[in-house]
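We call the chains A, B and C, going by the order they appear; numbering starts again at 1 in every chain.
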Amino acid sequence: MSSALETRPSSRPAPSIGGREISAAIIWLALLFVPIWLPAIGGFTDLASRVLIYAMAATGLNLLLGYTGGLSFGHAAYFGLGAYGTGLFIIHVIPSMPLALIAGTLLGGIGGILVGPMVMKRKGIYFSMITIAFGQMFYFLAVRWNTVTGGEDGLTGFSRVPLHLAGESIKLGPARFYYVVLALFAAVMLVVWQILRSPMGHAFVATRENTTRLRFLGVAVDKQIWVAFAISAFITALAGSLNAMLTAFASPDDLQWQLSGSFVVICVLGGMRSFWGPFLGAVIYIAAQDYLSSVTQNWMSYIGLIFVLSVLFFPQGLLGFIKGRGRS
Amino acid sequence: MLYSAFNGLVVGIFYALMALGLSLILGLNGVINFAHGTFMALGGYLAFTLEPYIGFWGGLVVAPLLAVVVGLAVERFLIRPLYGRDPLFSLLLTFGLAMIMQDVIRTIWGSIGQPFALPNYLNSPLSSSMFFLTGFRLVVIAITVLVTGALFAVLRYSRIGIRIRAGNADLETISSLGVNIFFLRAANFGIGIFLAGVAGILAAGQLGLSPTIGDSLIMPAFVAIIVGGVGSLMGSVLGGLIIGIASGLTAAFFPVAQEVVIYVIMAVVLVIRPRGLLGQEGLFE
Amino acid sequence: MSLLKLEHVGRRFGALQALKDISLAVEPGELRAVIGPNGAGKTTLFNLISGFFPPTEGQILFDGQPITAVSPNDLVRRGIIRTFQITQVFLSLSVYENVRVAVETAMGLQLRPWISRATRAKVDEKVDELLHVTRIADKADRIVGEMSHGDQRVVEIGIALSRHPRLLLLDEPTAGMGDEETHHMTDLIRRLNKDQGITMLFVEHDMAIVFGIADRITVLDNGTFLAEGTAAEISANPRVQSAYLGTAIEETAA
């Protein structure tokens, strides 16, 4: 098992530019030019936006799951709250994209802040079970509260509104929207990276490693988990808000437990203990889902099979697997 | 009022049966069995297929046993390698399994709901003033009481039941006493799946069959466990009945909230009694 | 005034009386050992003092203040720090990271997503100091989970030191260690006591260590107080000898 903390303190000699930095640079470059190369190989730019949105949601989840050790199986709730919040804001308040994104993110984040205290005292599977159940509560709210949410049919009647900048109205086509998503994804990665190298992140990891030790050092572990839960919900909610913009639609499926499970499997697939793991997992998962749903009706089985196989043969995730080979 | 409460009680019984099996598996196997709902659907569909040959009562016995066979294979080959690992993995595994099994059921039996034919004498109301009291509903209650009673008797008096309970409390000690914990876990998993199978047939008779029948029952079953208290089988039954009745009453007076109400109950319980109604300190943490 | 004082303390678990009528006083700067045959109640005593659970009888005073109903968190703040019989460290982190998170949380930084350069320098300085005191600086980059049991114990003490303990409780600090590791540990205990003036209470099985380093020794037997005194007094005490069947003490104290 490799060290979960990626960074060295500043007082120690800074590591020279290594493989990790080069890989990161390559990933960012590739992401920057997606609207050029992806259509060239037959993909849609919107698909890349979807990858980044899922990667963002999973990165948010992974702060809790992989780094703090909170096995949340209900993160679709915050994704969905973000989506509905954004849609409702555009329909009922102001058709402004930045404000709608903020509204959705706040709605999901506040949801996380409220649910957090009810799960933070729990560990392991009990934690999972309660997060699942709360996730399902939001699902039923969306399905049953017809007049507001559109019920089972989902929330429609809003679209990707143009961005108003310095008096100019900029229509957001797939490529432009992709860059909005990319910019926010980069911001999220920066925030998470900063958290992980700060005392807060160190304490998150220590919570995962040994709650008893931390508690008997006088640290309020519950509060630590709550904060991780809330931050994680905010990030996932931002992803949900962007997803509503991408599809011009908020669906009860955005709140379903299947989606929560997908976020977890994305983290596991890519590597829960790696900064880039959720991103890599999202690339694989979205590509597989996109391909499978186009060639077979039974794509659910294959997605399920991905779950089963990754657990049985790939528990460290792709990045953990590569690192493990590198070490031995 | 009485009618709604009784409706809720019947639904609560399904929740309780599901929660009981889930709770058993959660306790000794340390696994949240996400596929429990699909095992339940499997039980229902098997009974549906077998009914023309062996009748309703035959199916009620044979179909759950067939589901158990599938369950034991799953336990042996998929879940056993994960014991002692992070609970996240077994959770993901049963999650994926649920997706696969649901797809398989859809492929075999079709994705459209099927009516589940009950014997005529079970389907008619017993009296006109108590029109909701069909024979089948009484059968549901009777069978559930019987099965639950049998389960508690097995756990209390039989050798394997005593070992399951002991293993729940302290798996290490019991394995050091020379008990084969792999066998014990398999048996326990089997019992849990049997309960799911029975629940599936009873629910099919009441609600009709569809591949997603388990989905609508597994989540309330989780809530039942949380409300009743993790680690307490009695709690799971109690939790199931409470949320069933609450949901039934809400359906009559404020139908929009009939699902949400059980989660509200859960939240209230978690705030007032974080361990659940009958939960014990320190289990599963 | 005594730093730690137990007055007629007892603890029962249902019908089982694990500890009964224990009174003892530990003076500031003292290095006190608690010994006794298996089941004597040593770990129960530790759990009572560190607030794992409260006593059912009597009261415990720290610095003259009753701490019987004080939470473990508060005890840490007052300066009572413990280690565990089963070493409690952060296994998949490096030695450096273990001590760093201890120092950062000691400084109350656990919810700070960023810190100034000056604060970071202060953290690093403190971490280096602790690594130095515990003489494990040369292994700073090793993953703790891959280290020997003895080294893990040292890391645990390094973590505990981040809290500036006034009373350090060590539960069998040398259990399961080889000769060299034991030597390193006893040396560390003695240095922390003499150089840093940390008051210590430790449970130990190895009589050579107990008689070698402890200022005073408390003997428990079967949940009750048996004797207390210096190494010479204890080894001469006939009640202690009979509790240990005479043999162990004569051999080691000779």
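FYI, contacts are C-beta pairs under 8 Å (C-beta built on N, C-alpha and C of every residue); 3 or more make two chains touch, one makes a residue touch a chain.
Just so you know, these numbers come straight off a predicted model, no measurement behind them.
In terms of inter-chain touching, the protein chains here are arranged end to end in an open line. Taking each chain's centre as the mean of its CA atoms, C is the chain most distant from subunit B.
When each chain is reduced to the mean of its CA atoms, the one lying nearest the mean of all protein CA atoms is A.
Here the spacing of subunit A and subunit C, counted between their Cα centres, is 43 Å. Each chain gets one centre point, the mean of its Cα atoms, and the points for subunit A and subunit B are 32 Å apart.
We define each chain's centre as the mean of its Cα atoms; on that basis subunit B and subunit C are separated by 48 Å. Touching of two or more other chains is recorded for no residue of subunit C.
By the touch rule above, subunit A contacts subunit B in their complex via residues 65, 71, 73, 118, 121-126, 128-130, 132-134, 136-137, 140-141, 143-146, 257-258, 261, 264-265, 268, 298, 300-301, 303-308, 310-312, 315. Put simply, subunit C touches subunit A in their complex at residues 50, 72-74, 76-77, 81-82, 84, 88-94, 96-97, 100-102, 104-107, 109-115, 117, 120-121, 123-124, 143, 145, 159, 162-163. Chain contact summary for the complex, subunit B toward subunit A: residues 26, 30-32, 34, 78, 81-82, 85-93, 95-100, 102-104, 107, 219, 222-223, 225-226, 230, 256-260, 263-264, 266-267, 270-271, 274, 284-285. Across the complex, subunit C is touched by residues 1, 3-5, 9-12, 194-195, 198-203, 205-206, 209-210, 212-220, 223-224, 227 of subunit A.
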